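Right, I'll just put the structure down here and ask away after.
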């Protein structure tokens, strides 16, 4: 009995290893990772190509096969993950550990990837909402995040500069509101349709501050153009501030790695020292 | 008599504390801050939504209620600030201290926030200027600045790099003038309306140097396009210079903070480790 | 016999030196470099000007002379390089060394530069493919790379930051896909032609994220504009991330050069002070 | 005689001091600087406003008065500079020193500022060239450079990063040529007018790589849009590279200033150590 249990445990341990991102040299796990990566990318490709008129008519069958196969594999993957998660120390408890695992971000993403298929079976969904439910398949993109752990380095830098970036964002939103409000009062009389209201003028404000400049809306009065010029030039600062912040973040990160001190975060705010 | 005075002083002290940005743990002050923050944001929302045609007709009453409530609260807040400011050491003198307080930037911002209501009562204002006076409500945006003290760090970096940024700005304005003048002489004959004068051509210059490029005005002659290409490429430097300046500013700031604090303090939150 | 062999070797050595990028003071080699540089630039100029309608009619003869002269010189250059490459230690073996040399990137570039002339002689090429074969002349641009070795410093920095840049690129592509997919579902009904499918919407996504904003395609619905605004603002991060990464790369490179060289050497030119 | 000579020398010395940019506390020199600065700015304003149709008719007289006054003052200034330049050690020789002074950049700029008036008097100029000669007044902008010596710091950083910036520029031009050539072959058949030739397509290339995106020319074929997307994304690197280079330049400059070592340049290449 004990041996059987042990064998099952070690089998579960192996399943867990294969499901997780592969360690160097673990061929079976690597093969599984690559297969799943390809399946996810195929899913994204299907979502993309389904919207092309000519293709849908011709390849509808293949798209549906792909969807069915994906749902089957994703379901098995999801169930195996729940079954094997107890192999990880933090989810060791058979019930509570699994419940805890179900609410990790990656497990929630895996669940939403299944929703478009299972949701209509569980709840009677109005035909009008079918489209919204199908749209949930878009979230399969985030299943990829498991395989790009290098994002974490980037995420750490963004996190360590959170305050500065947030202040910049607040400043940008304030500037956007002020610019759009002033521009509305200047341009509304000359172009009552394009600059119909302050929210409408904000579309001009975003296009100008971010220097996208589609050209669907722009000031034509002299006062409007002078204000627009100021905002455009201030828009340059909009690029300079976050770039400067991130540049110093990357330099810091580098120095931290060089010094390789073990205790490199503040226990109070969690930022790098 | 003395005790009564002391009680009043300590009451004034408490009012002052509540009006100021809350210290950690001061629940009453935090509640006041959040209430006022919400009220200011509601004001900005009303200014924004009032300009949307459909909404004004329907919600005019609510907008007016919001304005009346805001004016009442802002007036009380302003008067309480003047009354309690003597609790701060720098405004201790009952009369001169208060006068000094009235001319601080934050107090002036608070005053302008009241102007759209009280100005027409105090001075007979021509109906044509009513709109301009109402526009002063836009300045309520700056009432928010009290609650974003982190802007100061950003402001310090901008201030420490003032000279370099100013020289960059002068260079940009010079380049803008030169580019627009040359472009005017090249393109005026081919497009006498779009490139009507040098000031008009500057609108093209700004759109090109900042890479906004609305597309309402652009050179069509070969010479004009060659000049335009040069200016566009120089426009890249326009982004590179302030970004480089600010990046070195942020790196400096960080080093300054590190060297200033004792070794066992977090440079981000200032707490001891 | 031995002496004759030696003389031939030293002649081959000299040819090799002349063909390679000149050392300081080697006049003959410098002259050869400049001549070839001018010839390559003339080739690029011909490719460019051939497409201008008026010029082709008038200067067709000159363009053909230039092509014939170029092919002759490039052929001789290519053969001499193969013959003399054994003067370099890594290609010393008369046969294997030459084979190894033939597959170096620079030798392959030299070969493709000859393809537009020799390919139709070797293989019977359908008249429809003539244009494609002629297009291969564009690759002569890369013959210039031999003369810009400073690109290597830039290349090294890009290589040392490969991982961060790649992660940024993956993130950008993911964001582009997500933005385009959501925008398609929002805007397709309002603009069924411009936002015809997800791949078509990606053209909008690229123009927005990179802030190019041609203005041929942009959202018109309120929901679309709100999404578009988010994406535009996120597009700023798209500039901030690689810039921050490269800025830290350049700072690193400089420090590396400083620490590598002995104290009394210039980190820029490597000369002793 | 000797005393008279000395008095004249000291008078010339004083004139020289007044003409040069003022030392702190030298009121007369400061007043002169400000007067000349205002005069130059007035000149630029006149050049700008002359092109505005309505204004020329009305203020023609004032514009001409301004021109006459400017020419008079600029002439006197120029002659005084030549007379007094011998007060500077490097131009001490009465004849050779003055000749040397005449060919300094600032003196040449002062001369060109006078050309539009004196050139037609000296050489009989065809009426068709009058406009070109008048355009020389634009160069008065550069008379301002004397008063913005902080440009030198910026110039030093640009100079110390000359090589990296030049390589980036060459890379950009190569990429521009390659992108435009490929785009021409892809789009020419679909849009024979907009993409008429490779030089014409380069106008698209510049607008895309610099992210200006006027929207007057853009690809419409699928292949063209895919290439355009690649080029747009590469265009981001076009901003990232010079910015990264300059950011490291500013950081270096800062460190140099901090260490304040007297011998901080390499005697071989002149770059900062």
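For clarity, chains are labelled A, B, C and D in written order, and residue numbers in each chain start from 1.
In this section, contacts are C-beta pairs under 8 Å (C-beta built on N, C-alpha and C of every residue); 3 or more make two chains touch, one makes a residue touch a chain.
This structure is a prediction, so every number in the text was calculated from the model and none was measured.
In summary, the pair chain A and chain C forms a contact in which the copies contribute largely different residue numbers, shared numbers making up under half of all those used.
Using the mean of the Cα atoms as each chain's centre, the chain most removed from chain C is B. In terms of C-beta pairs in contact, C-D outnumbers the other of B-C and C-D. Counted by residue number, the contact pairs of A-B are over half the same as those of B-D, the matching pair from B-C, B-D or A-D.
Inter-chain centre distance (chain A to chain D, centres taken as mean C-alpha positions): 46 Å.
With centres defined as mean CA coordinates, chain D is found 32 Å away from chain C.
Between the Cα centres of chain B and chain C there is a gap of 46 Å. Residues of chain D in contact with two or more other chains: 207, 211-215, 239, 243-245, 247, 251. If you check the complex, the residues on chain C that touch chain A are 163-164, 166-168, 170-171, 174, 177-178, 181-182, 184-185, 188, 196-199, 207-208, 211-215, 218, 225, 228-229, 232-233, 235-237, 239-241, 243-245, 247-248, 251-252. Touching chain A in their complex are the following residues of chain D: 211, 213-215, 243-244, 247.
On chain B, the positions that touch chain A within their shared complex are 44, 47-49, 51-53, 131, 135, 138, 141, 144, 148, 150-151, 153-154, 172, 202-203, 206-207, 210-216, 238-239, 242-243, 245-251, 253-254, 266-269, 271, 273.
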